[in-house]
Amino acid sequence: MKNLALIVLVFFLITVAGVAFAEIPNPDTYVMLTIAEPDTLDPHQAYDVASGEVIQFVYDNLIAYDGQSLTDFVPWLAMEVPSLENELIMNEATTYIFPLREGVKFHNGNELTPEDVVYSFHRGILADPAAGPMWMLIEAIFGYYSLEDFVFDKTGISLNEALDPESQLINEEYRQPLIDFYQDYIQPAIQADGWDIVFHLSRPFGPFMSILARNSSWAVILDKDTSVEMGCWDGEADGWWEHYNLRKEDSPLYDQAVGTGPFRLIEWDRVQQRVTLERNDDFWGEKPWISTAILWEIEEWGTRRAMLEAGDADQIHTPQQYYEQVTDMPGISVELGDFVLVDSMQFLWEVGPGSPYLGSGQLDGNGIPPDFFSDIHVRRAFNYALDYDTLVEHALGNLVTRIPSVLPVGFLGWSEDQPRYEFDMEKAAEEFQMAWDGELWENGFTVSLFYNIGNERRQTTCEMLQENIESINPKFRVEVIGLQWPTFLDAYRNEHMPAFIIGWQADYADPHNFISTYLHSAGTFSAHWGEPFREFARENLDHLVEQAVMETDPSIRESLYREVQDIAYETAAFGLPLFQPRYIFTMRDWVQGWTFHSMRPGEVNLDQVWKEEN
Amino acid sequence: MRMSKHSILEATKLKKYFPIQTGLFRRTVGWVRAVDGVSLKIYQEETFGVVGESGCGKSTLGMTLLRLHEPSGGSIVFQGKDITRVGFSHLKKLRREFQMIFQDPFSSLNPRMRAGSIVEEGLRVHKISSARQRTKITRELLERVGLPPGSYRRFPHEFSGGQRQRVGIARALATHPLLIVADEAVSALDVSVRAQMLNLMLDLKKDFHLTYIFVSHDLSVVKSICNRIMVMYLGKGVEMTNTTKLFTKPLHPYTVALISAVPVPDPDYLMNRVILDGDVPSPVNPPPACRFHTRCPVKQDICEQEEPLLEEKEPGHFVACHYPGSLDLLEGGIRQ
Amino acid sequence: MTSERRQLIRRLFLSTSGFLGFSLLAFFCIVALCAPWLAPPPAGRDPYLMPVVEWSPNPQPPSSEYIFGVAGKRNIYYGVIWGTRSAFRVGITVTVISTMFGLLVGAVGGYFGKIVDEVLMRITDIFLAIPFLVAAVVMATILGPGLDNVIRALIFFSWMFPARLIRGNILQIKEEQYITAARSVGVNHVGIIVRHVLPNSIFPVLIQASMRMGSLVITAAALSFLGIGARENYADWGGLLNYARNWMLGGGGEVLRYWYMVVFPGAAMVLFVLAWNLVGDALRDVFDPRLKV
Amino acid sequence: MSVMDNYILQVHGLQVTFTDIERNEIHVVDGVSFSIKQGETLALVGESGCGKSVTSLALLRLLDGNGRIRGGNVLWQGRDILSLPLREVRSLRGREIAMVFQEPSSALNPVYTIGDQITESMLRHQKVSPAQAKKQAEEMLRLVGIPEPRKRLEEYPHALSGGMKQRAMIAMALSCRPRLLIADEPTTSLDVTIQAQILELIKELQKRFHMAILLITHDLGIVANMADRILIMYAGKVVEEGNKQDIFRRAAHPYTRGLLNSIPRMDQAKGTFASIPGTVPDPAHFPEGCRFHNRCGEFTETCLSEPGKIHLENEHFVLCHYPLGQKTLGCRAK
Amino acid sequence: MFFYIARRLLFLPLTLFGISLIIFFMFMRLSPEQRVALYITSPERLRGDNVERLIDLHGLRDPWHIQYGRWMGNVVRGNLGWSNVGKEPVYSAIMRRFPYTLELALYSALPIIWLGTWLGTLSALYHNRPLDHTLRISAVVGWSFPDFVFGFFVLMIFYSILGWFPPGTLGAEADAVVKSSQFRSFTGMVTIDSLLNGRLDVFIDTARRLAGPVLTLTYVGFAYILRIARSSMLEVLGREYIRTARSKGLEEKVVINKHARRNAMIPVATVSGQTIIALLGGTVIVETIFNRVGIGSFMATAAQQLDFASVIGGSLFFGVILVLGNLLVDVSYALIDPRVRLD
């Protein structure tokens, strides 16, 4: 018993004694505390910020954004940025040519060849994993939303049905058509001509360059030999389908990465949830300052913050609502920046059958009818009822930028003077009185507004709407309901929620990514707003959206997008445009060289920062 | 002693084995032969004593006779009807007819029930009379067994040991049974109270025309109230006869040893003790043949080979011994 | 009431822990009952949903208007007061229902023994083999947020504890002679369980229940803490503490800058749990037969 | 007081109280006095709750928790145990005065072997090596009639039968050759045949070691068999004291008479019993005055006052206002 | 004894089967859309028929018996499935996290048991005196503290103010040492391995990080043992063999330490065993707060994200631990107490 006491005492002393730290701890190591670890390191599967953050420094793209710009590019692995002027864009903007840089080496010493580039794109397109990012390239180059659609359209074969769970053909009959498909469509679309990489698009596609630019993990360059060695697709036409739609854990690139980028992957420790990168001393471009970078998932905000304060971390992810906690921390510098994420409240013009969230399902004060929001006055009334100024300035501490429509600030088609609804309770009341031929005003309603649990910004917005709408008429009841993501997803998919807030983060820096998502009858979001909306969109919006994406002249594109937004404003078609949140970048003030780019996944430009006391 | 010759209860080759389960699948690997082939006949309005040392199966026998244990073999005939296998509803009716008084006045009364409810429970279960009537009967009964007024609403812990036993007796009497098994009914009581209790039981017997089966380890008690006595050893009856004969002329050496071992509260009483060696063997693996042979002072070879049967050696005097009467009680020596 | 009972109750109330526990409990009862007067809810709203009092997400220290301060845009005082009701609701509902069910399972298993017992106990083992908090987290996630779902999840995974206890007690009580006595007068199984077995084995269960009451409130709060407890902004101490979770280490140089976010709901919770534990302790002291002098 | 030298233990006016849950003081033993001569057996007889066990425990100051000795003295060879330092009392315990308890299965520590528990007191009180102690312990076990003593030394109590356990207890108590053995209901939990064995054993060992025995029992049969002198206790007081013949033949206290009469006797025919009415009093509520007055057939008003001790003859004392006549009780000796 | 162990082990598969059924049916209450949310982590992935494709890919719309059969088939082949939360196969995800939890549980159990027993005994010896009351009340207060509240206090005081006990499992440097090829892993528990490797710096680092969680678990947990130790000691002190020991003239110290304590410790030992087992499953909150790697936080995350494979795999693992742990407790119980025979 006494010995035990002694041991405990010694243990205590040791732990207490080991306290001391230097001025700048580990000057060559950069520790970034995040809230997520990568999902996968396979660039063609990765579709999340944390994965992209690693992939962008390990692999390279053909081109990169020029500084902070979202529209100008600089060469990266390509020697030149294609343009109409330098005639690397040809054939009415359906052919793009990228002359490849020579002398670039992969981390394992292999030389970069044009074959690697072609292989990389082919592999990605043929893999097209479910819920992966490859649809972007498939849409850009071929005009389809998925390989499955593409294959089916050309050969009549449904890939899902033609393959067994082991990705083997169910029927030998399919073999030849699939081989032909690859040789007829995929191979010719991306080819190497000497050291030139040539893309043939099926039609002009405005956003193509942004889709390829650096920070897009789906367009990075793999080393073919290494990949084949690891067990990836071997580049042969026969059997490509065996690598189609793999589960992410079955991809050989899941946790390994050999690229040409400024850092090499040392380890992805999935137990500690930590990725360790090391400077690539053979990098072809400007070498990073820091020798080691650690991207470490620490979910608990308090812990992240405490570690930053103690100097154990150089930068941490800061949720908006804790801004106050970092503003006056000594030794800490805080920057703000707008990532291209857009929050909006969406209204379902017709709620799907079986929704448990309609209350009585009638306009009797205890619920709403399924087509509640198909009435333009209801939509407008909601728009008038949101007090943006109070919300932005007071509730959200100016950490959001109000947007008039669905486009993020600075995107083609975005404009400061785009018409928008201003807070006006009288007009809101007027609209409510007109809605449903006055029946609504008479009977009142009970409506539920939804957000996904954990997002305080969206929650606050709902609550403010609730306060305001309930104050218009005592018969109006608004409930604010937070749902866990799985439930939210289920309700979303089944079109059960009459109104909810959700956000869309740009895949690439082009308005098409937002306009088609929100305002096309087949858009990712808008397709779920009920048949009345789809009808409306088919009549009024679809042709404008489709025309705009094929247009190469930016000014025509801009006016088309303005027109779409005007219609949306007039009819309050998709709900409430809300805001673009601003990100808080919190780091030690010894961090130097940090810059912001709104399309960058992750929060730090590891290849440029260094640590030095001011 | 007037004694009607109608048998009220008759057991034939009654057995009660408890399984010993062990091993991987809780298979039964052996049996505790608590009661192993006991036959007896109990006559109306007699007091039948069952004596033996702890573990001899006397309590199990009492419980099995009342079907509080399911018999493993043999048969029980109560008032001419075989009740060995009757079902629950029939058995429930029978429960009115035979009752039990328990040993431990502390554990035999539910501590959370009032004395009244405890006594009344039998009436209630058998739906005898109206609720009001039942209360009246119970109050009378409590008074009859000598409890002070107001006992009806008291809890067991408010009574002394003797009073609790009176409650237990009242409970047994509530349904006016014919037969009562008294299992060590007075063993836990103080000497002065024990006598009261025995008196009460004798009184009640007369009033209610009861038949008692009196199970006890205390020979002096058994002797003082029983008409006939069976001595048990390791699950078997070894000797059965009327009280006088048993105490004056016991035939089984075990009975002799048992009687001689009881200390007599008289300083001048000359003790000729037969001190038995060793302990009672385990009923799991009882010695073969005569179960007493391991401790018997007059053991012969045959005792280890052949089991003696309980036979009527003299009229009304049954004994299971190859050499009955070879040990003398008074001299404690071997009679040649 | 007999004098002995009166003594028992006097001892219960006069022991240090009993006195403390019962007074605390009484205090909480009064708070819960008087909630509508202590913290009047806005008209027409569900009083359990804490109203927004301030649009800024930043916590505010106690002031004359909000005497416990503001957290997560809500009045902490309001949440603490109405949270008392939530705590009682969780504690009592879960304890009562799980104890009832546990009683049923334990009583049936313990009394009938053999194969019935074997089967029931194996099922109990299975439920016990899943770590309680993990099981509750899974179930609460599956059912979705909401106090009712928390209650369901806790019930589903906590009936085994009373079941085990009651079974053990019954195995003991089954050996008592009064059970045989009851059988000998012809009482049937149900009668024996209900009238003889349960009343005599109930006290340990009550003690356990009172102890469990506290730990259940903690578990419910832990679920809220993990973000799967009561609905957001539901008046519930765990939820209030969850607001505090991300502010406790905040505050630049002043570590204690946001003390009020933890101290008020935390104190309410610790005292509430403490009250039940003290009561349990006192009950045990008084009723535990092993400690009788 | 008669010849001092002969008495090894003298108890004067022993008072013991217990504190109940309500903090009331209960006088369980109230002024008990007696003495034991070298080599004799003194029986302390009474029913449950009369204070006989408490008395025996108080002698060695073994009362636990809430029991307190409030008065009197216990002289062991002239020294008052009650005022000795506890250290010295401890060195008496087991060495000079040993005890045997009622329930051998709970009086033996279940987690230590028999050998361990027997050698323990030898090692404490005698200058012996563990090996010697073990040898002696084996010898003791043989002496108390335990077969295969060497093997038993290594066994745990639960492996032994009740009778064997009690033998082991006796071996343990006698291991230091005490001069006084306090045997508290040593055979109550045993079967009659085993009881007979144990009683014989105790008698034999008493002769062999020439020790005095304080036998505490409720069984007058055993008393008749074992005791030289007898003390009858009722409700915390000694109500009658005398030698065996005095008590059994010439009992003067109504309680003693009642007790004797109420025993069902092996040597008597059956019939109804002369019993004492009422119940044994609860220590918390001993009656005022003569404590037997509410059950006594000879009750008069005087009995409401405390009776004095009356010396009848030789060593025959009685605590009664109206001791019964000295008519010899029925004697049917054989 | 052998049969007892064999019998208990025989029930293990049954228990595991039961656990899997319970969890499976709980998950089956969820719609395929809810279950696929594990893979659809952001709105961008909602595009087109992605959700349907993923549901197909994972066979989430199949009838329940097919889904269960598929899972069972994999388990029989030794494959517990893929943990999306752990980002690796369930089995290795568990196995790599378990040593950390085991380490935490063992180090917490040490002071919990030691303090609980010591103070409990003390409390019993001073029954109903001020020390007894003080100890009991302070234990109950600790017992009433939610671990997350107390954990934050510990972090606040010992990390934010004093800088002593940092959160996390291992610092980056220490981690690098542990991962280096020179560092040999013997037990997977860093505190032990670092000493065996002679790396005191690593030991200090990991020990400092352990201190906070251990402190939290100890304060919240020692009350239970204290209570058991106290009442068991009280009970034993009233036993007759204690009187026997005293009647032999033994010193009071010997009576308490030899005769009373050994008997009193029998229930404490059982409860201690159970405490260690319970700690293994009860570190969820502490691991979350102190950002420690471990199976508790892993399971909690998996549960929240509805990662079926991880939840069921983890539950089965806990099932095995619990059954084997309890078996171990029973067996050791039989070893301490000669009266207990297991059969």
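Chains here go by letter, A, B, C, D and E, matching the order in which they are written, and residues are numbered from 1 within each.
Going forward, a residue touches a chain if its C-beta (ideal position, glycine included) is under 8 Å from a C-beta of that chain, and two chains touch if they have at least 3 such contacts.
None of the values given here were measured: they were computed from a predicted structure.
Trainee: Please report the smallest number of touch steps linking chain B to chain C.
Mentor: Each step joins two touching chains, and the minimum needed here is 1.
Trainee: If you take the chains that touch chain C and keep only those that also touch chain D, what is left?
Mentor: Touches both chain C and chain D: B, E.
Trainee: Sort out for me whether D-E or C-E is joined by the greater number of C-beta contact pairs.
Mentor: C-E
Trainee: Work out the mean Cα position per chain and let me know which chain is farthest from chain B.
Mentor: Most remote chain from chain B, centroid-wise, comes out as A.
Trainee: For chain B and chain D, let me know how many angstrom lie between their CA-based centres, rounded off.
Mentor: 31
Trainee: Hey, how far is the Cα centre of chain A from the one of chain D, in Å?
Mentor: Centres of chain A and chain D (C-alpha means) sit 92 Å apart.
Trainee: Could you work out how far the Cα centre of chain A sits from that of chain B, in whole Å?
Mentor: Chain A and chain B have C-alpha centres separated by 88 Å.
Trainee: Per the centroid of Cα atoms for each chain, what is the distance between chain B and chain E, given in Å?
Mentor: From the centre of chain B to the centre of chain E is 55 Å.
Trainee: I need the residues of chain C touching at least two other chains; which ones are they?
Mentor: Counting only residues that touch two or more other chains, chain C contributes 141, 227-228, 245, 248-249.
Trainee: Chain D: which residues touch two or more other chains?
Mentor: Only 65 qualify.
Trainee: Among the residues of chain A, which ones contact at least 2 other chains?
Mentor: Those would be 302-303, 306, 484, 486-487.
Trainee: In the complex, go through chain C and note every residue touching chain B.
Mentor: 2, 4, 176-178, 180-188, 191, 195-196, 199-200
Trainee: Can you check the complex and tell me which residues of chain C touch chain E?
Mentor: Answer in residue numbers: 16-17, 20, 122-123, 125-135, 137-139, 141-142, 214, 218, 221-222, 225-228, 241, 244-245, 248-249, 255-256, 262, 266, 269-271, 273-274, 277-278, 281, 284, 288, 290-291.
Trainee: Of all residues in chain E, which touch chain D in the complex?
Mentor: 127, 237-251, 259, 262-263, 266, 336-339
Trainee: Contact residues on chain E for chain A in the complex?
Mentor: Listed in rising order, the residues are 30-31, 33-51, 53-54, 56-58, 82, 86-89, 93, 96-97, 110-111, 114, 118, 152, 155, 159-160, 162-173, 175, 179, 203-205, 207-208, 211, 288-291, 293, 304-306.
Trainee: Of all residues in chain D, which touch chain B in the complex?
Mentor: Touch residues, chain D against chain B: 47-48, 161-164, 191-197, 199-200, 218-225, 244-245, 248-249, 258-268, 270-277, 279-280, 282, 295, 331-334.
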